[in-house]
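Provided herewith is a single structure, encoded as structure tokens, for subsequent inquiry.
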């Protein structure tokens, strides 16, 4: 190999390097671009359309100006509450199972199933909730909506709970057991609390994820033009309302869709940023 | 002597109690332990039950349709609610085409971003960039759809599609150039992709919006597998005199390739299951067309759109499509999970800066 | 005694962030000989060697000042590319790091492929030559393309890494504790190898094992807390060290 002739790296290697690094940088810019555009548009159009009506009035009949999404916002809150009642306990429970009793084949089956559930399209889960609740009850309902979204929460909460529990050092458990504290008490009063912030952030992230879900609600809560907060009636939800208005033929309703989108984005992005802030401050560090 | 000969009262009881049975929890702890264990096991079983129910319901509710149409369901293109005659082919086609188009766009971009954030990025930018990617993942589907209808689609209709048609369409400059060389039109396969009326919405719009939506998931998992490549591998390449890019391609990307493939497949799964944004942008016409400008249909859109009017066989057909979607995403996700696991060895995935 | 100077180091300083790891090192390493760098942990020997092929600066917040000359190369000269330096100065690391996704042949040829060198036949020749120089040819000649680099034993992997480094025909070979992760038998094979290599390459080997230095190196440099304490022929340093600190280290009073 005539090395003495090569005084520097050949131009084509340098060019390849430059082109590759350049493309990588460019790719990153192209990725950030939609984020800026989308958030920017929602903020711009949303703020412009925002008024108190959105939070205080229910939708007006088609064609009429004005009205708001108050019932949608309230409905979403209720649905999310029901979803949390279902999703959080089941999620934490299976997470505890996987961490403390699941280092075996049964645990692997559950883990695999949780991943499967995580990957099921939300519309399919909505259909299942339809078949299980709506058909049985004979009508659309807030309950069905909550069940659908609650199911979606379970895998996220479960996997993260397992993760953070496993991060708690074994010495902590041994110290507690050595003091004569029974296993169940150790898990409940010693291990779980030290993993508390991780579990909370996972709940918040799961929450942010389902808060924006529309498809499952189409077959369960179904939406409602009027106020409804009863468990057994169809309920309006913010994402559903945004969808209905977005595809509507009426200018005013489309304007309101942007306003509703603004509210939804603020809720969700706000949650994600708070979670990010908490974890970056190291509050996620398990037991010391 | 006396103390030794005094056997502990728990000598007759199971040995567990001998260890745990002192102190105030006494022998109840055994029961409590079992109760606690049963409780959490019940939660895990509930998870299994839910998935079981999903499969059960999908299969039973689609039985009507399965019986009536059989295998031809997947090969027919007809969609006639009045005559109760359904074929899923256009929807399957639409789901696959839109998802793969999304992959085509998203993969180079997300790989580039993942590489940039992990390897090339100045420390100060790292946090902002990874938060931005997370943010993209957090935006709900319906808002993507909203933006798509009012910003992306007009942009495509007014600027991008005319440009594409002008150069690559059936009468485009590039196409004409090759025709001028004597090559028959049927070999110029790209021209069919950019033909037809330009509505803005359609397969192209759906593909682009899906691409944006799956970018974060591919990027964050790619980040994880890249970080899992040990430092010594990078050093080995550098010590041989590799440039930055050569080091990345030889030592990093190559080592992580199974995981990256897994990330891509995971993105595919996500794209296939996406509903709202696609429904709002694909045009909702159950037809198969060559052109990317044309409207189409996907499995999830057809369910979302037509569900409210459906009953009987109609409903059953829709649920059968949900079953198809479920099976597709199941296979894709299982495959991806295997690939990613083989790289990160089961360390759970969570992307942070 | 007339010895050609292989590597000339003048006033070399190195930092990790605000911590200074090397203080004004001045050293002339003879060409085509083996020089051992010894010293207790944390004395800067690895850092020193990594400054010779500009690997130190790949760490975040690392800084280097000073002058290093390797035959005709001004290592830290203006406009000199580190990539080029690393092609001329090879390195073998403490823990063997073959590329796991490549087979044995491709591992050895990795450096060659980067430079777009030659025909298949040329590459075959170089691969065989390098594997012979690394005393690995006989063991792997039948499985060159069938087995991955990572499937070999620890000692074989390290010899593979040596072959890989030699394939690009560097002027200098740097070895950072190459045998410390290996069993005694592999270690002695590597030491035999180093003994043969010095006829063609300038070898600098970092080691925490003084007996190893005595076995393989003609010259030894003793580092302590980022300073070069003493540099001499190995024989002299171990029998009549000039500096008391050297004597204390060698006789085991510390380190």
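Letters A, B and C mark the chains as written, and numbering starts fresh at 1 in each.
We take it that contacts are C-beta pairs under 8 Å (C-beta built on N, C-alpha and C of every residue); 3 or more make two chains touch, one makes a residue touch a chain.
What you see is a predicted model, and the numbers here were worked out from it, not measured in a lab.
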item	value
Middle chain, criterion being Cα centroid separation	B
Most distant chain from subunit C by Cα centroid	A
Busiest interface, counted in C-beta pairs	A-B
Distance from subunit C to subunit B - Cα centre to Cα centre, in angstrom	47
Mean-CA-position distance for subunit C and subunit A (Å)	52
Distance between chain centroids, defined by C-alpha means - subunit A, subunit B (Å)	15
Numbers and ranges of subunit C residues touching at least 2 other chains	83-84, 87-88, 114, 168
Shared interface positions of subunit A, touching two or more other chains	9, 13
Multi-partner residues of subunit B (each touching 2 or more other chains)	243, 246
Subunit A residues within the subunit C interface of the complex	1, 3, 6, 8-10, 12-13
Parts of subunit B lying in touch with subunit C, wherever the complex brings them together	123, 230, 232-233, 235-243, 246, 250-251, 254-255, 257
Partner subunit A, residues of subunit C touching it in the complex	81, 83-84, 87-88, 112, 114-118, 126, 168-169
Subunit C to subunit B touching residues, read off their complex	53, 55, 58, 60, 83-88, 90-91, 93, 95, 97-102, 110-111, 114, 161, 164-165, 168
Complex interface listing, subunit A residues touching subunit B	9, 13-14, 16-17, 20-21, 23-28, 30-32, 34-35, 37-39, 41-42, 89-94, 96-98, 100-102, 109-110, 112-125, 127-128, 131-132, 151, 154-155, 158-160, 162-163, 180-185, 187-188, 208-209, 211-215, 218-219, 239, 242-243, 246-247, 254, 257-258, 261, 264-265, 268-269, 272-273, 276, 279-280
